[in-house]
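The following blocks contain the structures, represented as structure tokens.
Below, chain A partners chain B and then partners chain C, in two separate complexes.
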Partner chain A sequence: MNTLLEVKNLKVRYGNIEALHGISFKVDEGEIVTLIGANGAGKSTTLLSICRLPPPEAPRVIEGDILYKGQSILNVPPHKIVSDLNMALVPEGRRIFGNLTVDENLKLATYARTDGSEAVDRDFERVFTLFPRLAERRKQRSESLSGGEQQMLALGRALMSKCSFIMLDEPSMGLAPLLMYDMFRTLKVLNQEGMTILLIEQNANLALRFAHRGYVLDTGEIVAQGSSEELLADPEVKKAYLGG
Partner chain B sequence: MEFFQHVLNALQFGSFYALIALGYTLVYGVLRLINFAHGDIFMVGAYIAYFVAVLLLGGEGMSGLGVSPGVALAITVPATMILTSLVGVTLERTMYRPLRRKGADRLYVVITALMAGLMLENGNLALLGASRKSFPELLHKVIWTFGNVSVTNLKVIVVVAAIVVFVLLEFIVSKTKIGMAMRGISYDKFAIPLMGIPLDTIIVFTFILGSSMAGLAGILYAMSYPILEPYMGALIGWKAFIAAVVGGIGDIRGAIVGGFLLGFIEIGVVAVFPSTLRDLFAFSVLLGILWLKPTGLFGVAQTTKI
Partner chain C sequence: MQKHTFTISLFAGIFVLTALAQFGVINQYLQSVIMLMGVNIILSTSLNLVNGYMGEFSCGHGGFMCVGAYVSSVVTVLLFSKNHILGAPLLPPSLALFAFPLALFAGAAVAAVAGLVVAIPSFKTRGDYLAIITLAANYIVISAIDNMEIIGGPRGFMGMNATVHGMEGLLDIPWMLLWVLFGTVFTVWLLRRFVTSTLGKGVPAIAQDEIAAEIMSVDTNRMKLIAFMLSSGLAGLAGGLFAHILGYVNPHSFDIMKSTEVMVMVYLGGMGSLSGATLSAVLFTVLLEVLRPLEIWKWVVIPLLLILLMQFRPEGIMGNKELSDLFPKLKKYYSFK
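Right, the complex of A and B next:
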């Protein structure tokens, strides 16, 4: 297995507050890896550091490195992380463009693609096959979608950007259980087609049942790691994150 | 008959306001920034047009290149729009972008815009002195008379230009990918880079659009009222800004409607009352509109604009 993403001894600061105290983890090609942990453990900070979003959102990396396919990406501008490296982030709260239609949201994600309209059309087909609900609502303003549909759109948008690596920040948040399982089933299908996935979840039980491996983050440090089976069986993890 | 004459004048003035208001509204829609330097970019546009025209036609002690007025006009319009947009982009890159990078509060960016405008006015004063410039004649005046109503070719050009610009902008913003990105930014700036879109490129494009419209307004205004002075952009800039707000700032149709509305109110007041009452009455009416609809005619509270 080739290592796709490697985070090495990452220390990150928001203003004067150190949010990550030197964390290390890696994601191999074709894997599903999850970062679990309580609210405020630094999970979202980790993703924002990888994507290097512009201030004021961006946490500042003060030490360590982030490698993608062996290359440091600390100096790659945020939009190039998506357009050149084919990574995608489905951010917390989905962040869809509510004033645009479903179609326009998906089209916008193809902004930097250079592989021609046929490939884009194929990806439209694929997104609408995965999420038929979106096809029914193509012309609708996306802020009128339900929470579940918005999450589909956020994932669909990531797929339209032609990514091979998706990072998801709390995709289950605010979803009814049925929709949540649907979403994870879709992610599983994508993974079987070759997509590498880094998943951040508060719902540790769900995340570990879905992922191959996991890391447990607690107040800016990684306190446990292992395969999902190991973590699910770990008495400490059980007690703290899996409800006994 | 006098009525039609007033309508024509109102359309002409409304066109100037609308062209300038579009620049305010585009930049606000994308950056939530009121670019108070915009009126002065209009002034700079008029001066750029003046220098290009003098260079081509001669005048002010210069021999010029001796081209015919028709050719000079055909060169001056695009040259002015391009050079004026460079001025707008320079302001964005040297003044607004560094503040944005540091995550500065919007208040400081607005103050910077005010200062940038004052610097343009006073920079012009320092470089060119206080004397007014008279704009060379680029267009042979043709007057068509219908009964008591007279229309000049220039008036028709001004109104047609405003309408063409409006249609073009509507197309860009609603149909093209870059226009989609502009609307996207106005909703969520954070999510734009996640789509692989370079935020700064879209912002620069917005400034190019807004400033080139101001340049176009500058040259058309200078052709209509051929006396240029450094403060010519201040009052008309404020008026256009107010027109944009009354129309619903951030909305392209709002800028056009607000601009023409202000033109009609001003000319309407002057038609009935002494002209000294023009601005007092005009702004009272606009205030009344805001009183009834604080978000402006096309504005929607707190949602996305453009």
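Right, the complex of A and C next:
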């Protein structure tokens, strides 16, 4: 297995406050890896550091390195991370463009693609096959979609950017359980087609059932790691995150 | 044929207007109102790119117009008039027709570069803070020109008529009217092409959510640079036309009052709507003329209308819709995007 993403001893600061105290983890190609942890453990910070989103939200990396396919990406601007490295982020709170229609949102994701309209059309087909609900609402303004549909749209948008690696920040947030399972089933299908997935989740139980491996973050440090089975069986993890 | 109806009627309209002016059917006064309308359309549609489509709040549009006006005027005066500082004309008046568009272009280009003063800070500054920067940019331009004795300083600058006369010497038709009409059509066409292009989609994306735009691989800094420079460049074009319509420019015709006028047109028409901005520029120009008998009191009446508008229709006349969204049947008559 090739290592796709490797985070090495990452220390990150917001102003004077250190949010990550040197975490290391890796994601292999074709894997589903999850970072779990409580609120404020540093999960989202980790993702934002990988994507290097613009200020003022940007956390500042003060030590360590982030390697993607063996290359450091610390100096790659965020828009290049999507267009040149084929990574995609489904951000916390979805951040879809509310006043654009479903179609337009998806089209916007192809903004930097240069591989021609045929490939784009194929990806449109794929997104609408995965999410038939979106196909029904193509012409609808996306702010009028339900929370679950908006999450589908956020994921669909990531798929339209021709990515081979998706990072998801709390995709289950605010979703009804049924929709949540649907979402994860879709992610599983994508993974079987070869997509590598890094998943950040508060719902540790669900995340570990779905991922191959996991890391447990606590106040900026990784306190446990291993295969999902190991973590699910770990008495400490069970006690702290899985409800006994 | 039907698909080209709009384009054909547009050019037919230009032709008819020019002909009417040529044969004296519409008098000088009406002509100047029409020309002012054109300039206002350029100003309001170009500011709409930044304030409407990109969701920023630029209130220094007059400054860029000023840059364009002065640069193009200096170029034409240098080339075609006798000026006590810039010296004798460099070219014979018969070349005025060919040099004039180049002078306009020079004005627009320099104004676009001046737009950098706002574009670069916009990378890290947003909203109210950027608005203050644009205000400062406007003041910088006005004060700088006020202090340049070589181009007249606060007394203003003139001599542009020689170029207009040069063009009329070649062929006696109302050239300025023609240039303004072409400039207006060009501006609206260019902006329409830009905002409907794939590249241009990045502009409303920035307005909605800069972070989301960035993860959709929109290079937000580059987009802001393009939008601000395009907007200020077109304001420069409007300035160049304005200067040659009047034949005289004064730095204080481009101060914050002018910028406010342009903003009023944008918010009156509806943010993010080119047809709205066009419509409101026409209405606003007419309103200014109709209320002329009120003299300075019109500046009480017009802001009052604005207050009422914000109370009862805050999204402006058109909202963020185009005319073709309200009347889909219009789409039959044109084939462009």
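By definition in this document, the second predicted complex is superposed on the first by the 244 of 244 C-alpha atoms of A that agree within 3 Å, B and C clash if a C-alpha of one lies under 4 Å from a C-alpha of the other, contacts with A are read in each partner's own complex, and residues count from 1 in each chain.
Just so we're on the same page, a contact is a pair of C-beta atoms (placed from the backbone, for glycine too) under 8 Å apart; a residue touches a chain by one contact, two chains touch by 3 or more.
This structure is a prediction, so every number in the text was calculated from the model and none was measured.
For the composite obtained by overlaying on chain A, chain B and chain C cannot both be accommodated without a clash. Once chain A of one complex is fitted onto chain A of the other, the partner contacts of A:77 extend to both chain B and chain C.
Once the two complexes are overlaid on the shared chain, A:89 sits against chain B and chain C alike. By the touch criterion defined above, A:109 lies against chain B and chain C together after alignment on the C-alpha atoms of chain A.
Contact with both chain B and chain C is seen for A:98 once the two complexes are overlaid on the shared chain. When both complexes are aligned on chain A by C-alpha atoms, chain A residues 51, 53-55, 57, 77-80, 82-83, 88-89, 91, 95-100, 104, 107-109, 111-112, 157, 161 touch chain B in the first and chain C in the second.
The touching residues of chain C, counted against chain A in their complex, run 124, 198, 201-202, 204-205, 208-212, 214-220, 320.
Against chain C, in their complex, chain A makes its touches with residues 51, 53-55, 57, 77-80, 82-83, 88-89, 91, 95-100, 104, 107-109, 111-112, 157, 161.
Of all the residues in chain A, the ones that touch chain B in their complex are 51, 53-57, 77-83, 88-89, 91, 95-100, 104, 107-109, 111-113, 157, 161. Interface residues of chain B, counted against chain A in their complex, comprise 101-103, 177, 180-181, 183-184, 186-188, 190-199, 303-304.
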